[in-house]
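Below: a set of structures, written as structure tokens.
Next, two complexes with subunit A in common: one pairs it with subunit B, the other with subunit C.
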Partner chain A sequence: MEGLWDFLRSLHDAYGINLVHFYDTFERTRLLRGMWTTIQLAATCVVLSVLIGIIGAWLQGSRFKILKGFVQGYIQFFRNTPPLVQMYFFYFALGPQMPRIENEYGIAQPMLGSFAWAVISLSFFAGAFNIEIFRSGVEAVQKATVEAADSLGFNRWQIYRLVVLPLAVRVCLPALNNNLVNLIKTTTQAYAIAVPETLYIASQIWSDRINVFEMMVTLLTFYLLLVGIFVWLMTRLERSLRVPGFGQ
Partner chain B sequence: MTTAWTPDQPIVGIKDVHKSFGPIEVLKGVSLNVRKGEVVCIIGPSGSGKSTLLRCINALVPINQGSIKVEGQEVHDPALDKLELRKKVGMVFQSYNLFPHKTALENVMMAPIHVLKRPKEEVEAQARGLIKKVRLEGKEDAYPGELSGGQQQRVAIARSLAMNPDIMLFDEVTAALDPETVKEVLVTIRELAEEGMTCMLVTHEMGFAREVGDHIYFTDRGIIVEHGPPATFFTNASDPRTRAFLSQIL
Partner chain C sequence: MSAGGNSNLILAPVAPPSSQGETGFLASAFTPRALGIALGLFASVALVSEAWAQLVAGGERLGILATLWKWAPLVLIGPPREFGGFALNILVSFLAMAIGTVSGLVLGLGLISKFAPVRSVSWAITQFFRNSPWLVLLFFVMLLTPFQFRIGGLTIPFPAWFKATVGLALPVMANVAEIVRGAVNSIPTGQWESAESLAFSRLQTLWRIILPQCVKRMIPPWMNWYAILTMSTPLISIVGVNDAMTLTQDALASEQRTDLLMPMYGMLLLFFFVYCYPIARWTIRLERKFAVRI
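Then we have the complex of A and B:
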């Protein structure tokens, strides 16, 4: 490893290519920490937004008009307003309304930090789209298949969980994939409420070290790899779910 | 509330059932009784309400008026335990309606495991037996998309049987099949009938109805026009509508 750092350091001296965020231990550590924060943020939001999508699509099939109306209102709100404004709303408007708790030093601090608000805001944002995506899949499931499950004695939740959802997922996976890729990229927006994720740390480094160009290239490469790995995993999932004679 | 049902009473008792879809009255006062072990065939032109009648029996479709009793239990009682009813009544559909993401064996095993909460090993043994019974040995791990229509329909029959129903409803189960595969499905149904399973069939297979049916009902425009045992029904139909229908078919 030391050899590599020395090589990168020599690039700076010889050509002025400033990769200090790799060879300097302090910068490297905080950049890696930022990347880890991005990964945690993205993974949490992916899981939560998919859960919102699954539950929301289930509630849309409810017999209760109020529930359906509630889900519809939620979708309209989060789909038709800018995600950055939503994040500001959660962090700056809702955040201060929340009760404060005392930390171990006896100082009152907000109940939820910026990371938690970023998770909430991004999950709700992507979740609204996921509901619509799952709904399109649910609607593609044949009524007759549902009727057969009904006649076998399955209850509504079992029908959804065991029959409708597994079939719907196979139909809507490509669209879901797209939305989740967007979600992962939108995690950079957490910069705006000072979540120490990759973009936020990168901007600190390029301000301190004046290596904007190199940091940008590093950033883009990181996201290219992150999203690339995610898409690869999703493609594998899609392939493992393939069923002979269905949807081909 | 309900008096205990005994096998000498009708297992299915239908009395003056009316059913409308919007302004269209599909059933206009249908009554019929089925005894345990009996095979009843319902024939009639398309749109005469045959399939609707079957769907009413296991409460897939609510009725507007009248009474349907299965083993003494009123089906259209709001307090009905639908699960109890559906354990007793199995149904097989025209379009098979298998779960496309499950193998043949899994299709048969799903309901007993999730609905009846029976242990998996026991259900699997039963399911393998049923697949064998419908002559699909070796196809346990095939997905519905890999099976022919006749094979899928036999899996659907096995899937219903896995719930150990007392009554089987067959809704035009051979209508979507090509002539060669019709036979393999009919053989399976005939075996069931011979074993004493109570069966109600909506069918266009007159020859089959005549052969396995204990009682034939002819419906037209929402009413039962005529009924009787096959021997008299097919040779001595008295109503002109029945005769007109039979002359077109036979």
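Then we have the complex of A and C:
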């Protein structure tokens, strides 16, 4: 590793290509920490938003009109307002209303930090899209299948969990994939409420070390890699879940 | 082509000039119920905060609704003699969409080019801009382009809001390119072959036969992207443009009242909702209307 860092250092001396965020231990550590935060943020939001999607799609099939109306209102509201304003609303408007707790030093601090609010707001945002996506999958499941399960004595939740959902997931996986990629890209917005994720750390480094261009290229490469790996994983999942007899 | 169109006109005895679905989108898009729910939600948040404020502080300060009324013009059209606020968000969305559409069309035609190098370069550009986060692209353009150009003695200013517009137009460009490619590929091969047999050149075929048929299919996804773009415009507040988000925060900073936080941000959400919801409804209707039936 040392050899590589020395080479990058020599690049700076010879050509002015400032890759300080690689060869300087301090900058490298905080950049890696930022990337880890992004990965954690993305993974948590992906899981939570998929859960919201699954539960929401189930609630949409409910018999209670009020419940259905509530889910519909949630979807329309979160789909048609800017995610950044949602995040500000959660963090700056709802955040201060939450009770404060004492930390180990006896200082009162908000119950939820910026990371938690970012997770909440991003999950709700992507979850609204996921409900629609799962609903389209649920609608694609043939009625006869549901009726067959019903006649075998499954109850409503069992039918949804054991029969409808496994089929629906396979139908809506491409659309879900798209939305989750979008979610991963939207995690950069957590920058606005000072979550120490990659973009936030990167902007600190480029202000400290004046290497905007090199940092930008690193940043874009990181996100392209992250999205690329995610898409690759999802394609593998798609292939392993494929139902024989559909598609090409 | 035109012969087919005419025969249709002649054969159909009474062509209904506008089907029932075309009675103007406002009437149906603003389904009174949905808008009512949105307004009701907002009003209840405002009223609850109002009551809370009265309870806590007594009648000395301006009520919540009165305060919102006071700041609404600033958030909507910006400070006097200056352009900003929600109107700037809309302007940026229009301009970014225009730039993105024109460049996306060119890029999309590059994607279906017969010439392999053009195709692969277009593919790389498209993938790059589609898969990068909007905010990172915005920073990229904001920080790495000059604030003015000097050509000879002429200085062309390049203001922050315009740079932000370009930054937002880049991902739109890549996505419009994909829409164009998808639409062109959805036209049956027979159209290409019959054009060829009529001795149309490739450019003529594309321009006079294929693209006109694509327009209908491209409109719903294109509008969808317009809505997404509009909802991304508050991002420009992060890079320091006087948009509705910045002004809302300025107003909150000058008021110094915690009871205003929810209503003020709520108002901003409502502005966007009222603008974007009808577009979403309209898109769904067009999608149904233009759906290709197999």
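Some observations on this one:
In the analysis below, the second predicted complex is superposed on the first by the 245 of 248 C-alpha atoms of A that agree within 3 Å, B and C clash if a C-alpha of one lies under 4 Å from a C-alpha of the other, contacts with A are read in each partner's own complex, and residues count from 1 in each chain.
The working rule: a residue touches a chain if its C-beta (ideal position, glycine included) is under 8 Å from a C-beta of that chain, and two chains touch if they have at least 3 such contacts.
Since the structure is predicted, the reported quantities are computational estimates derived from the model, not experimental observations.
Contacts of A:Asp24 after superposition: neither subunit B nor subunit C is touched. In the superposition on chain A, A:Gln189 contacts subunit C only, with no contact to subunit B. In the superposed pair of complexes, A:Leu84 makes contact with subunit C only, with no contact to subunit B. Of the two partner chains placed by the overlay, only subunit B lies in contact with A:Leu152; subunit C stays clear of it.
Of the two partners subunit B and subunit C, it is C that touches the larger number of subunit A residues. Shared-chain residue A:Glu132: touches no atom of subunit B or subunit C. In the superposition on chain A, A:Glu238 makes contact with neither subunit B nor subunit C. Touching of subunit A by both subunit B and subunit C, each in its own complex, is seen for no residue at all. Of all the residues in subunit A, the ones that touch subunit B in their complex are 142, 144-145, 147-155, 158, 162-163, 166-167, 170, 243-246.
By the touch criterion given at the top, residues 34, 37-38, 41, 128, 131-136, 139-140, 143-144, 227, 230-235, 237-238, 245, 249, 258, 261-262, 264-266, 268-269, 272-273, 276-277, 280 of subunit C touch subunit A in their complex. Subunit B meets subunit A in the complex at residues 58, 60, 82-83, 86-87, 89-91, 93, 95, 97-101, 110-111, 114-116, 142-146, 156, 159-160, 163. Chain contact summary for the complex, subunit A toward subunit C: residues 69, 73, 76-77, 79-86, 88-89, 92-94, 96-97, 181, 185-189, 191-192, 199, 203, 206, 212-213, 216, 219-220, 223-224, 227-228.
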